[in-house]
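Should a chain be cited, it is by its letter among A, B, C and D, assigned in written order, with residues numbered from 1 in that chain.
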Amino acid sequence: MTTVLEARQITKTYGDFIANDGIDFSLHKGEIHAIVGENGAGKTTLMRMLYGMEAPTSGDIVCQGEVKRFQSPLEAIQSGIGMVFQHFMLFPTYTVAENIVIGNEPARGIWFDRKLAADRIKALCETYQLHVDPDQKVSECSLGTRQRIEILKVLYNGADIIILDEPTAVLTPLEVKELLVTIKRLAKQGKSIILITHKLHEVMEAADRVTVLRNGKVTGTLEADRTSAEEISRLMVGRELEGVARQDNKAGEPVLQVRKLVVKGANGKALLNDINFDVCAGEIVGIAGVSGNGQSELVRVLNGLIKADQGSMLLDGTDVTNLPVRRIRAAGLAHIPEDRYLWGASKDASVKENAIMGHYRKDGCHRFGLLRHKRLNQLVHGWVQSFAVKTASIHEQAQYLSGGNLQKLISAREIGQHTKCIIAAEPTRGVDLGAMEIIHRQLLRKRESGEAVLVVSSELSEMMTLSDRILVMFEGEIVGELKGKDASEEEISLLMAGGGRA
Amino acid sequence: MKNWNPMLLSMMQPIMAILFGLTAGAIVVSFTGESVMECFKELWRGAFGSFYFLSSTMARATPIILSGLGIAFAFRAGFFNMGAEGQMVLGGLAAALTALHVPGPGWVKLVAALCAGIAAGGMWSVLAVWMEVKFKVNLLISTLLLNYIAVLFAGYIVSGPFKDTSGSAGLAQTAMIDQGSWLPKLYNGMSVHAGFSIAIGLTVLFVLMFRYSIVGYEVKMLGLNPSFAMYGGVNRLQMMIFSMVASGGLAGLAGGVEVLGMQYRFVDGALTMPGYAWTALMAALLANAHPAGTAVCSFLLAALQTGAAGMERNTNVPVELSAVIQAVLILFVSVKFGYSFMRRRKARKNNGSII
Amino acid sequence: GCSASKTKDQAGSDAETKKPLRVALITPEKIGVNPFFQIMDEGAKQAALTYKVEQKTMESADPNAIEENLRVAVADNYDLIITSSFQAADALKKVAAENPDKKFIIIDDVVDLPNVRSAVFREQEAAYLLGAAAGLSTKSDTVGMVVAMDIPLMKKWTSGFEQGLKATNPQATFLVNYVGSFTDPAKAKELALVQYSKGADFVAGASAVGDLGVFEAAKEKGFFTSGQDIDRTMIDPQHIVMSQLKSADNVVIDSIKQFVDGSFAPGVYDYGLKENGVGITYVTDNNPFITKETIEKVLQIRSDIISGKTSVVNPLK
Amino acid sequence: MDQLFDISLLNSTIRMVTPILLAALGGALCARAGLFNVGLEGMVLAGAFGAVLGNYLLNNLFLAVMFAIGCVLLLSLLYGYFTIHLKANVIVVGIAVNFLAMGLTTFLLSAVFHVKGAYYNKDMEGLPRLDIPVLSKVPVLGDVVSGYSPIVFCAFLLVIVLHLFLYRTVTGFRLSAVGQSPIVAQSAGIKVRRYQYAAVLACGMLCGLAGAQLSLGQVTMFAEGMTSGRGFIALVAMMLGQANPAGIMGSSLLFGLMDALSIRMQGLWLPTPFTMMVPYVVTIMAMFFFKDKSYLHGTTGSSR
């Protein structure tokens, strides 16, 4: 078994902070090597060094037997390393083909041969069984397709080593399955793959070996078929996971009532069509669906970010249809948004400024139009502690938080609103196991204290742990309702694929 | 501590860079064969050398600080106001006409005139907002183009309907405002007037506003990430109108203050020729739209200009070269050496260098 | 200002006998595009040499610098401070009133104070002559004028010209176009070309630097033109056949002379044709546009204006 | 009304528009590379001076134009160094470049030519007028399309060349990518800075041409500040044309035509200041119809 890429005693420090601490890691030819660890454990940092985006503070990177000092990603690419970032590195206004070939365009003289590019992409698609339409604009592609484009880009550049940083975080279950199949096929074809993920069942399904990081150190490298998810998670978190317990409790009066809701898109096509449902006090309702079937629009219209064309929504008895965001929030709605960088946070603002959004108008938080900083600081400190948000200080910029920690912060903020009703969209996307437990436990606690919770998630397991009822959306309509307890994955998947229509 | 750092930095960087700029300026000066030390001494003397010169630096800084604050305000909320010049001109015009034609005692006229200046500037910038909302016209273009229209319009008003008919009458200017409604001078025989106090007062007000008030927080959040602010319940349209009105109003106030405190009448070209608006734009950008930083940068740029005038008077450096030296100094100030070096990593993450 | 050191040396020789008088000229803008300030500067320098005074020119970079320059000149104890134009009038009013012992001169505007001497010009009289000459000479009965800006001040040129034109050639058409800038020869040239295309065979330039553009259009298309403020005819005598004069230099020299010999007095001095403060020049030899007879007629008009037989309306009054 | 339209109107529009068009194309290249160039005014001014200086020193029109380009290249190198290398704020650097050009040209005007205000020499030769062999004989069309300086033809040719460059060549494709997102471009292995420098230098070249057309094509002289705001109009034309060569040509021509029309409207019924507003008002109104401003996102920051 040949080793194609190796990290020897890699250390990376940012000021006083040690992000990677003497890491040893090796990648064999043709293997899928998973890397797992809590948020902020140093996974991405390690990958950035392997890909030449950062220089290690000390230690060596060995590629195909040679010690390398990559100055830039370009040099890494030339050594056959390709990386797919979690936050896609694509030009939304360009076509799929353009995005894939950029940096290595087929040309006749100075002319960019777009036709040849498209042909090559088609051939590439055939070889690797990854299907995209070369002429489509990336902005029109689904997240799953974008992921495929990223992988094709790496393959197009002739990479033999492919680094995937949390590729599955934004994908639907179906897309995840496809992706894992693809990865396995690529490994069979001789590519070596590093897969970062927080989902252990994916690790168990696809990986050959697993390396676990904790606090910048390697806590173990295991053969996947000789270990278990429990062992991995113990190495990751450093303790046993407790698991979340669900109590039975009776649902109360409806808190959120949605009636005949219709939202039309720019072209007049209905994005949401005749949506009716209730969420009752002490109940968690899950909304499942393949992304792009109206869940995002539903969440947005409920929060007042877009206007409904028809229908009404009642919150705790008051009509909040098409009210401004602030009024809806004041009427008692909290919201964990699905895209944390776009809607959920401001990277350039401080942790505290991020945390008080939506709170600053509450009683006790302001006086004569001025913010009561002392009070707010206390609040934020409380959340940071109870949700275990890893941050140096609450005055640090939010961009220095790792993605998972930012998600915890957002959840803390919204759960801390103490509203009658909370909408949680993808509440645990990209979040490690420990943090996921914290968030789940908090959502369940809300349910137990008699509040209404609406969860929108593409993660079926999450949906099934949390929900009392599951509504499935397809093409802007609710096509089925299941009891959380009795629902099976197959059943939901079938409904999500439109099988409930007939 | 954390809170102070960015503010301190935003003030320190221009000062650091000025040192580098002075070195570059020295090279330019040495080409003319003049004594470098002599020139810089005169540059300093022209800006701060005596109380008189300090006061004229303060007077010159007044409209720059005010419109700089305006530009910074809009910028904080995420909007680019390139129209300070037009807003300033209309503000000055409205102030002059109000002071001339509103009945009442002097101080009433004065207050009315200042309000008119603010209103005129604010309304002019709201026109740009309206076009952005209604027709999606990019603010940058519309505010830039509205400058030309405002300047031409003001020129017409003071060479036509409201022309000064006293004196030689050949001038595109309004009549002189009664002494009773002048902004008082802070010191006798010095050019600095009460407008400077207004500017400093507003600077402090904005610093406090951004640190402590709800509105300040909302404006800042909107500027940093509009989607996030909207999601959190900030009304973008309301805030856009508010911040652009404030921005234009401040530029209008700058014009009004200049008219009521310096020229005592609206003179065609007197607000545009010194390039106040451009200087203010630079000040706001250099300070990263921080209010206190903007005021400090405005003051430094004004000092650079009055200093250059002094250098011109008292050395043999030709007039033309002082513009070159100014430009060189500004170039170096713009680099923010210390800052950008420390934050280079971050800049890379932030999508390059733009704005 | 780079002349100070030179005059200082010169003055040094007779320094023991008596300290030379010191004269400051403060222009309201940078000396550059406006020849008016240039000749003023030249006049001052010439007078400094002739009358052995120490002279310094301060150019104001923008309108705010005028007052400062005036104050600095006062503080530096200059004996006579000369400034110019409406831009400086407000500042001078303040500074002169605060310093009643200092002597000031303002050229081209009036400041009514006991220590200020004001010199103004009746440009309309020279413009009248120019218009008359054009009216007498035009073959197409269409003449034009390219003006810098549509501001009241420029009416002295346009209106004077029109009066002269109508007096000699009532049916002639008068085209006026405004450049909108003092520094745009390219646009001035286009405007002259437009007027030419509308039939003008004479286009007067009144657009500061833009005049150069007008001259170029004339050379290109072969029509006739005139310059302003100083004698521009030597640039291209074949096409620039006249120039309207405004002798700011003479006014400066005169004033300095009077100041030196003690006959300087405040008050308003009005310079017109009579006082030789304004006038026009012609190209006399080999000039197909302005004939001998025309010149004679224009000279007649000139003496009529001087004698008061013909009166030129001041458009600003 | 027929007073307003004639062939000389079109002629004058084309002449007046050329410097604006060239500068706007240069600005577009910068915008494509993610740099919003406010320094166009200064660059054109430097070009105008460089052309006259080159003509005076070298006594050869071609070399004079090359000299102008060389001068502006130096200035744009400075612009590039500060914005790309030192990461200074692009707008501040742009404004400083304008100051610098204004100061340097007036200084050199008096240092080299010993004049203030303007340098004009009757014997100085301007750029020749070219007639297009066959077309110039065609009655109306011939008058419209021929009789301009080579730079005018060059400018309109450049519109096509740049269009092909941006949309058909590999380099143009990558340049646009850099402007869209420097980070993504860099991760694709594109040398972002190199492209940005190239764009800035090309912009300098175009501004040099624009200046040469102004000072040797339209007139034959240099006057201080003779650009009179054309650089800013170019900036507007660039934005209105969405940094796309054909669009820029359209918006420049629109502005030029309105400007020429406003000249003819002088003295008709509106006071002059209002006729002078016409081009600006029409330009703003034209923007009511262009709603896709997506390309501006990286470059400006109307909403950051």
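Here is the rule we use: a residue touches a chain if its C-beta (ideal position, glycine included) is under 8 Å from a C-beta of that chain, and two chains touch if they have at least 3 such contacts.
Predicted, not measured: the structure shown is a model, and the values here were computed from it.
*Asks:* Measuring centre to centre, with centres taken as mean CA positions, what chain is farthest from chain B?
*Replies:* Result for max centroid distance from chain B is chain A.
*Asks:* With chain centres taken as the means of their Cα atoms, state the distance from chain A to chain C in Å.
*Replies:* 76
*Asks:* Per the centroid of Cα atoms for each chain, what is the distance between chain C and chain D, given in Å?
*Replies:* Computed value for the inter-centroid distance: 35 Å.
*Asks:* In whole angstrom, how far does the Cα centroid of chain A sit from the Cα centroid of chain D?
*Replies:* Roughly 47 Å, centre to centre.
*Asks:* Using mean CA coordinates as chain centres, what's the chain B-chain D distance in Å?
*Replies:* 28
*Asks:* Check each residue of chain A and list the ones that touch at least two other chains.
*Replies:* Residues: none.
*Asks:* What parts of chain C, by residue number, touch at least two of the other chains?
*Replies:* Residue numbers touching two or more other chains: 30, 150.
*Asks:* Identify all positions of chain D at which a residue touches two or more other chains, and write them in rising order.
*Replies:* 106, 181, 183, 271, 273, 276, in rising order.
*Asks:* Mind listing each pair of touching chains for me?
*Replies:* The complete list of chain pairs in contact reads A-B, A-D, B-C, B-D, C-D.
*Asks:* In their shared complex, at which residues does chain D touch chain C?
*Replies:* By the definition above, chain D touches chain C via 6, 8, 12, 15-16, 106, 116-118, 120, 122, 214, 218-221, 223-226, 228-229, 260, 263-264, 266-267, 271-273, 276.
*Asks:* Mind listing the chain C positions that touch chain B in their complex?
*Replies:* Listed in rising order, the residues of chain C that touch chain B are 1-2, 4-5, 30, 58-65, 67-69, 71-72, 75, 86-87, 89-90, 98, 109-110, 120, 149-153, 155-156, 316-317.
*Asks:* Sort out for me which residues of chain A touch chain D in the complex.
*Replies:* 53, 72-74, 77, 85, 89-91, 93-94, 98, 102-105, 107, 110-112, 153, 157
*Asks:* So in the complex, which bits of chain B are touching chain A?
*Replies:* Within the complex, chain B touches chain A at residues 2-3, 212-215, 217, 220-221, 224-225, 227-235, 346, 349.
*Asks:* Name, in rising order, each residue of chain B that touches chain C in their complex.
*Replies:* Chain B residues touching chain C: 52, 56, 59-60, 155, 159, 163, 167-173, 176, 189, 191, 262-265, 267-270, 273-275, 305-306, 308-309, 312-313, 316, 318-320, 322.
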